[in-house]
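Shared between the two complexes below is chain A, which pairs with chain B and chain C, respectively.
Right after this comes the complex of A and B.
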């Protein structure tokens, strides 16, 4: 029985470590949805760009990926803010499908350009490796590091949203844009800021992913689907919901991968996503809307 | 400023002229094998396949506004149904293609029944997940499907029969779309796109109607997949479940005009030619070009070329176009 318990603990621990990263990624997706009712299908591509920032810097200067966060976060913030200002902002008030198609198109442009510029080769950042044992559970060092950084960044974003003036402006815009405007909030700037922050979070997640998984132009798709599954699970637009959803998804994925193969674990996630959409489309913590 | 719209006799003449041009295009394509090399025939076959996918996507997504990001799933299922029938049971091509239609159609019914209860955006992303899950499923089911290494069929030279089958499929899709567009059922589908709740309130059985449209669309995409498998005699999961198949279908339909009869045809002719020119020189920019096109169309001409021509008064506002 001892070994069974240890296996279960191992699965849960690995899942939670993975979940931290998903929370960082999904936090941005849910923020954008909350503030401007846009499901950003290019969110995975922002992660991919963040991963390439780390990869290219590492290849050129051997820069530590954690330090590379200082580059990828501001770079992706600007990319996101500019994209929002000049492209996405034009469809904020359009039906959801319009922005869905638009961001889908954007994601193809980014992936295709990345394939042309950086080729389809798989890259990796050999950073810290190995692990240590905690009782009967072994913990991977790079994953623990990524988990810790993810939690710090997600927490920082949460504090920014709840404690600062601009955070409150963003949440007010999310609740009711018209009333926020009437109260003197510059909702265009709040939206731009929200998209910038969301991109920065995705970029940070990408930089952390760069030393855990292979980096290639099409890596964003699977992550985007997982982030979407997370926010559907947690409730669209809910930041704490994303955190819970991410942890659940991480543990489910780790469990499915343990019981079968990683490939089947992917399929399990998509099926879970569909089932969740059918049973409780507003998620665990989201509010119902039609 | 509103441009003059074409009405009356002039409208009818234009409409029949436009339709005649499209029929002529069909006749031209069917006479092509007498004139050109196999290289060009293969290219036109690819264009016809893209047109079939765009046309079948248009039936569900163009009319009802339920954008499916997982259309390639049905193409892939059809390809595997036909491929397995040919490789393992050595059935003749018509039987293989019929089985592709049956498998894809049943999958459309089974997946559509739950998925179409989801509202637009949830449906769209849900279908993206479905396509990924099916691709993984086919890859994992290695004993039957050959897994990631692909499925090999006995090679045979079927360029001409495949060419005419694909052409027949495109004609069938256009005929179905025209029949839908000119009958009340087309209006009901468009009503779902404009306002589903209002459509429901006026007594339209939206879920059932969406399901029929979705299953029809899936069947037709499956047949295209079946013909593809038969023609190529080799298929693998990454090719037949490729997201780029869906992407091109969406871009082509949007370019030509969603919810129109000939929009997907126009879009696939234009994009296939552009694709052929750019493909050789910039292989990876292919998807980027489709993506950029989707962005531009969404922002500037959401109703596509057909819509622009109608707004300018060049074409009449007839639903048979």
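Right after this comes the complex of A and C.
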């Protein structure tokens, strides 16, 4: 019995560690959806760019990927804000399909460009390795570090959204853009800021992923699907919902991977997603659309 | 009908605070207004009445940039504001309270008011605005931490009006403020409009509750099918046999 319990604890701990990273990635996706009703299918590519920032800096200067966050976060913020201002803002009021097509197209362009510039080679950033035991549960050091940084950044984004003037303006824009305008809020600026922050969070997630997984141009796709699953679970547009959804997804994924193979674990995620859409389509913390 | 309140702002040409001149406006390809004119002088309460489809709300939306103006001019305080978006009108002193008691449902009452004061950067002025609104609606003061979405319709309308007042506007545009409210809240809305008028706030009020609006309005316009039909003082229109026949159901 003792070992079963230890196994369960191990699964939960591994899952939560993974969940932190998913929360960081999904927080941006849900923020963009909330503020402009756009599902950014290029969100995974922003993660990929964040991972390459860390990779290239490491290759050139041996820079510690945690320090590389100081580069990837502002760089991806600018990339996101500019993309929103000149590309995505054109489809904010268009039907959902239009923005899906646009952002899917963007993801193909970014992936293709990355393949041309950086080739399809797998890269990695050798950083801290190993782990330690906590009772019968073993904890991987790099994953714990990625988890901790993810929580700090997700928390910082949450504080920004709930405490600051522009953070609140972004939430107001998400809840009712017309009333936000009537309050004197420049909703275009709020949307640009939201996309910039979402991209910065995705970029930060990518930088953290760079020392956990291989870095290659198409790496964003799998992460995008997971982030999407997280926001469907947690409720589209809900930031706390994304955190809870990410933890659930992480634990389910770790559990399914323990009980079966990784491929089946992926399938379990989508079965869960489907069940969620059937039972509670607005997610755990999301609000039903009028 | 002009009170002494205007005396503090010298207006050499006696131009109104807001003037809507021969405005044609609509949404996409649908035209709703076919040349409507109206004016609001400083400190006046002006009513816009008329049957459904007359284009009353569209006038407010044309002023605030939510409806597209295809011809005509809108001037405010001496400047042309035709087609200017709502967020740029707020710093000029125009507050807009849209129809439907629209609030930020997932925000508290206090946060809703705070959003109303988004353009007010001075901390003292913000504080003053909060106390002014909480004094006007003590009920909101008691519920400042409640989520606006969980309040009754009448309370949400107070939040919406209070939010508009946070910028200390010179002109407030109100779209159907009493629509769908319980009778006691309808009475409260009209009392509030009167007390705001007494404080010198100019208002352009769209209302289906014509009799009560005309009773407190300095001037009013009766619209029909996107055109001006009648205009005059509130009392004139209230007494006008045509208004009564057409609209008040006599």
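Here, the second predicted complex is superposed on the first by the 289 of 290 C-alpha atoms of A that agree within 3 Å, B and C clash if a C-alpha of one lies under 4 Å from a C-alpha of the other, contacts with A are read in each partner's own complex, and residues count from 1 in each chain.
What we mean here is this: contacts are C-beta pairs under 8 Å (C-beta built on N, C-alpha and C of every residue); 3 or more make two chains touch, one makes a residue touch a chain.
Here the structure is a predicted model, which means the values were calculated and not measured.
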(message) Counting residues of chain A touched by each partner, does chain B or chain C come out ahead?
(response) B
(message) Per the contact definition in the header, classify A:104: touching chain B only (first), chain C only (second), both, or neither.
(response) first
(request) Could you tell me if A:182 is touching chain B, chain C, both of them or neither one (first, second, both, neither)? (result) second
(message) After the superposition on A, what does A:274 contact: first (chain B), second (chain C), both or neither?
(response) first
(request) Report for A:204: first if it touches chain B alone, second if chain C alone, otherwise both or neither. (result) neither
(message) Per the contact definition in the header, classify A:57: touching chain B only (first), chain C only (second), both, or neither.
(response) neither
(request) Could you give the residue numbers on chain A that contact chain B in one complex and chain C in the other? (result) none
(request) Quick one: which bits of chain B touch chain A in the complex? Just the residue numbers, please. (result) 65, 67, 69, 114-115, 117-122, 124-126, 128-130, 132-133, 136-137, 139-140, 197, 243, 247, 250, 254, 282, 284-295, 298-299, 302
(request) Quick one: which bits of chain C touch chain A in the complex? Just the residue numbers, please. (result) 64-66, 85-87, 90-91, 95-98, 102-107, 111, 114-116, 118-119, 163-164, 167
(request) Please give the residue numbers of chain A that touch chain C in the complex, ascending. (result) 165, 168-169, 171-172, 175-176, 178-187, 287
(request) Would you pull the chain A residues touching chain B in the complex into a rising list? (result) 39, 41, 87, 90-91, 95-98, 100-102, 104-113, 115-116, 120, 221-222, 225, 228-229, 232, 261, 263-264, 266-267, 270-271, 273-274, 277-278, 281, 290
